[in-house]
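See structure below.
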Amino acid sequence: MKIKINGELLEIDAETNTPSLTQVLELYGAKPPFAVAINGEFIAQSQYAETSVSPSDLLDVVSPIFGG
Amino acid sequence: MKIKINGELLEIDAETNTPSLTQVLELYGAKPPFAVAINGEFIAQSQYAETSVSPSDLLDVVSPIFGG
Amino acid sequence: MKIKINGELLEIDAETNTPSLTQVLELYGAKPPFAVAINGEFIAQSQYAETSVSPSDLLDVVSPIFGG
Amino acid sequence: MKIKINGELLEIDAETNTPSLTQVLELYGAKPPFAVAINGEFIAQSQYAETSVSPSDLLDVVSPIFGG
Amino acid sequence: MNTLTIYGQEFDSRLLIGTALYPSIDIMRQAIEASGSQIATLSLRRQSPENNGGEAFWQIIQSLNLTLLPNTAGCHSVKEVVNLAKMSRELFQTDWIKLELIGDEYSLQPDPIEMVRAADILIKDGFKVLPYCTDDLVLCRRLADMGCEVVMPWGSPIGTGQGLLNPYALENIRQRLPDTTLIVDAGIGLPSHATQAFELGYDAVLLNSAVAQATDPVKMATAFKHAAIAGREGYVAGRMPEKQIAQPSTPTMGMPFWHQET
Amino acid sequence: MNTLTIYGQEFDSRLLIGTALYPSIDIMRQAIEASGSQIATLSLRRQSPENNGGEAFWQIIQSLNLTLLPNTAGCHSVKEVVNLAKMSRELFQTDWIKLELIGDEYSLQPDPIEMVRAADILIKDGFKVLPYCTDDLVLCRRLADMGCEVVMPWGSPIGTGQGLLNPYALENIRQRLPDTTLIVDAGIGLPSHATQAFELGYDAVLLNSAVAQATDPVKMATAFKHAAIAGREGYVAGRMPEKQIAQPSTPTMGMPFWHQET
Amino acid sequence: MNTLTIYGQEFDSRLLIGTALYPSIDIMRQAIEASGSQIATLSLRRQSPENNGGEAFWQIIQSLNLTLLPNTAGCHSVKEVVNLAKMSRELFQTDWIKLELIGDEYSLQPDPIEMVRAADILIKDGFKVLPYCTDDLVLCRRLADMGCEVVMPWGSPIGTGQGLLNPYALENIRQRLPDTTLIVDAGIGLPSHATQAFELGYDAVLLNSAVAQATDPVKMATAFKHAAIAGREGYVAGRMPEKQIAQPSTPTMGMPFWHQET
Amino acid sequence: MNTLTIYGQEFDSRLLIGTALYPSIDIMRQAIEASGSQIATLSLRRQSPENNGGEAFWQIIQSLNLTLLPNTAGCHSVKEVVNLAKMSRELFQTDWIKLELIGDEYSLQPDPIEMVRAADILIKDGFKVLPYCTDDLVLCRRLADMGCEVVMPWGSPIGTGQGLLNPYALENIRQRLPDTTLIVDAGIGLPSHATQAFELGYDAVLLNSAVAQATDPVKMATAFKHAAIAGREGYVAGRMPEKQIAQPSTPTMGMPFWHQET
């Protein structure tokens, strides 16, 4: 299946059609520290496991960067 | 009965306990041009006759004045 | 003889070696209105005739121009 | 004789009618450090002895003061 | 076109004038006439024996046949603004309203949040709103987007006469809202302040105290009439480029006395 | 009296205008007429085939019947100033001279020391001197004391159009020299700059580039005509007092909707 | 007490510094150290191979043991602000958030209406909000009333370095909100701008470009460190009264050479 | 080199401080020490019983081991200046003299014409002249050409604390006299004024009232010490370019939530 992460389509061959966010982040290779939003809504770390991702979802995985 | 018009109590001896706005304005001696609000809500001229005033009401009768 | 007028050398064949300013201006073809200075010193019109010009002299012949 | 020092008249009983500046300063009780001018002209210390003061003279004896 | 457009109406004069604070009603009348203004602001207050003068005022105003711009000065809430506006519309027979919703007692500054709510209600109710606002671009644009064809940022607080405190902000608003009729309202103290507003590209100036509280209000009104023309004409004429280094106006070529040695 | 006095002569217009830098002589003519100026500055340069245009210029100038104010622009020494002044007096048949003695090539700033020497010589020779100077009070007073009935401090360097860089200094000069005719010369870029000069109490403004280098010089000349009237009338009318705290124009008394509890 | 208080925390330095736009991460580190700042702003962006540098940045930042102030720069809606804030809180383990809700692409000006809605949601969610806002008093007071213990009006638009465009407005906010921690955020370009902000009574200054884009960022950071001390100490010391007329410092009494005639 | 050079002598501090107008001699001492100044101005006045305090003052001054800069404050003629200078040289054993020749009682402005004559005489007599002058470029250059290695234009009139009234003129002087030691003397009222002077490229600042008349002179002296460092370091560091349009500091690339439709 294809999921859109950080604006790019990611091909994921997961068993299920609705993998958990934990799996997706692993497959994506997210590097800590990071935080996540699905469809613009923040998802707390504690929710990763029980949050399932569906193809239409838009994911954001963000990390610290300089800012003013 | 007593009604509060433009911040002052006006003694009105009306037959009914709920005189019409028309009556009240007459008794008050409102000089045209003027516009009216009851309890802060504008009342159109066309509504004067069918609007009845009760003692608790707060009336405003305003006229043109200089302004910036 | 050669005279310097308005920054340029003017060849003048005058009888004498010290022509009058009147002659020089005529030969130069000065167009009125104008005013004259020799070696940076103003010369009044009334003095033109009796003023003799010598080769080393520096003449200025000026006319009106726009200014701020 | 009377001499004007720092804007005030000073009575001096000197033998001579033209005492030296040295004497005058002593009689005036000038406190060092100071500098002197007579009639608005600076007098160097080295000149005190040979400078004679006459009644019409105006003396200034100045000392350090705060300034901006 | 060199006329001022306000909600489709055209005006030759680019000065909107207030009717308050004059030494006398007669001086007010003379000053308004001298200013050449075609639009005057006024308000509504409670009838009372004291302001029977209100009648005299009303007679004069009608006689001047001006376009009237009623304001909601003194209102501190959306409800007050909306109801005073409705009373004005009925009494003055105009759907024009100068929206004024005070957010601070000392600076008499408009409340940027509440005034947007008020404007929304008034526009939906059919009013032609002329909002008095701060020089906040986002606020001005929001008002324009809501349907205000005229937006009126302040120059400085009402009645201070400090002129244009932030020309940069005002110029920015002009550049970003090219199609909105922009009027500097409040803070004008001197004719040069008005002229400057026009030079920044503003379409008109609304003032009151600067004229009414001048030593000679009628003469000052004349001054502002010319100030408006000066600023507008100057803006349209296109200013000379500003330079950092001096530039001679009189030509240096042909300067006498200079002879290089030969 | 509300006329401008220069060495005993009265003028209705308070604008002195330069004749240089216009796109064409015809536009110059129209602009001068539009400005309403009655006094124009001009200069003298060497005759030459190139500036035969000089003749056309001279014809036009004479036809406008203006009071002429010849300048000594470009002069860098007392001797140059004095002799150019004498040539001007003879040619233009006027003892008026705009004294300009440049002390710096980049800022075209007058030389405060040399210009005093030049003014002294010219005055003793019977000239009516109008000195172009900096906004230095002591210099201005010295020129006035020497017999200059007119003193012309700059607003900013010639041709920069930066306006009045130091209003405090200019105002100070006005207050200390109440009986001298004061003219802001140089630096005016916008109509509001001229208006401001009059509001400071200056009697007149001399400008050139602001009009000549505008996109539309004729229209800009009109703008300055009004700017001068606006500033002068405003000055005479007496400005409203400037305040730090806002003051409502519309009365608060009689505001509807406010009912204290009973 | 002469320390800066932000939501109950005390700081000796009154300079908050941004971490962006430095020539290199190492220069950033040196500049932050030279500035003496104890609080630094930073942000969140999408992970990507390109900004692996992000890791290096994060290492350095942690090593400097600063108090972190994450911002919501780039957000254009309440929803974006709220969710980015929550991501920041989780990742940076802080409930501090610099609220930035852009209302205009060109001026990068905050949206006065939307930001109030965002602040309301964040405060209710337990955030300690430091809102970046305009110099609008009513807006600032509203944010303070909602529970913002710190309010950060701009001096001029982000990254322009124009300094304090409207000192009158900023001073007004200071006087009206005596108990709020006020920080000038954005627009600082020179050390004197920062000093001026403190002289107006502001508690701190937040800057970034002025240091990061200086020719020598580290030296400029030192300059700002001293500018903050200068302004704060000067404010506390109480300025001399400003005067219109000159006052001699050196005494005139006892001046030599002056002898009235006898 | 980052030291201040005055007639060949090097100083670490770029602040010159006056010794007048302090609440007490002890506060003067503390303030001078807090300021870090190495050069102090003082004067000469007639001895008298009253100013026996003069002795106490003199004791303190000597104990601070400062470089002394005697002034000619109060002098109104070349003769007074020259003779007071000679008395200073003998008494203070220094050939440094702060040339002050007042040309106007109200503005205490220097006389541009007379001071040049005085400077000429003093220089020929071997003095090292530090002239207090106006911000007139031609005057400043003339003084420099005569041999003044230091020139000290005013910011605003003595004791007014109005700061730099004409930064354009001051900057112009700096650019045109790159090799002269330039000091802003008089008019400084706030630390930010001093910082600004350095940002314009000035080498030092001379002040007195701003410290002496502050509510807390010692603390204000500290403020100015930092203000001088801030301004100088900032000047050397090279300011960020000023911009008209906002520039984001936080990067926009990688902003979350933005997904173009697929």
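In this document, chain identifiers A, B, C, D, E, F, G and H correspond to the written order of the chains, with residue numbering beginning at 1 in each.
The rule we apply is simple: contacts are C-beta pairs under 8 Å (C-beta built on N, C-alpha and C of every residue); 3 or more make two chains touch, one makes a residue touch a chain.
As the structure is a computational prediction, the values presented were derived from the model and not from experiment.
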- Task: Name the chain whose C-alpha centroid is most distant from the C-alpha centroid of chain G.
- Result: C
- Euclidean distance of C-alpha centroids - chain B vs chain D, Å: 94
- chain A to chain B, mean C-alpha position gap in Å, rounds to 66
- Task: With chain centres taken as the means of their Cα atoms, state the distance from chain E to chain H in Å.
- Result: 45
- Item | Centre distance in Å when chain E and chain F are each reduced to the mean of their C-alpha atoms | 30
- Task: Among the residues of chain G, pick out those that touch two or more other chains and give their numbers.
- Result: 18, 20-21, 43-46, 48, 51, 71, 73, 80, 83-84, 87, 106-107, 109, 158-159, 162, 208-209, 248-251, 254, 256-257
- Task: Enumerate the residues of chain C that touch no fewer than two other chains.
- Result: 6-7, 37, 40, 60, 62, 65-68
- Message: Show me, using the given definition of touch, all chain pairs that touch one another.
- Response: A-G, A-H, B-E, B-F, C-E, C-F, D-G, D-H, E-F, E-G, F-H, G-H
- The answer for chain F against chain E in the complex is residues 18, 20-21, 43-46, 48, 51, 71, 73-75, 80, 83-84, 87, 106-109, 157-162, 189-192, 195-196, 199, 208-210, 212-217, 219-220, 222-227, 229-234, 236-257
- Note on the structure: The residues of chain H that touch chain D in their complex are 18-22, 28, 41-48, 51, 54-55, 57-58, 61, 70-71, 73, 79-80, 83-84, 86-88, 90-92, 158-159, 208-209
- Sort out for me which residues of chain G touch chain E in the complex. 103-104, 106-107, 109-113, 116, 134, 136-139, 141-142, 156, 162, 165-166, 168-169, 172, 176
- Task: Flag every residue of chain E that touches chain C in the complex, lowest number first.
- Result: 248-251, 254, 256-260, 262
- Task: Using the touch rule from the top, collect the residues of chain D that touch chain G in their complex.
- Result: 4, 6-7, 9, 37, 40, 58, 60, 62, 65-68
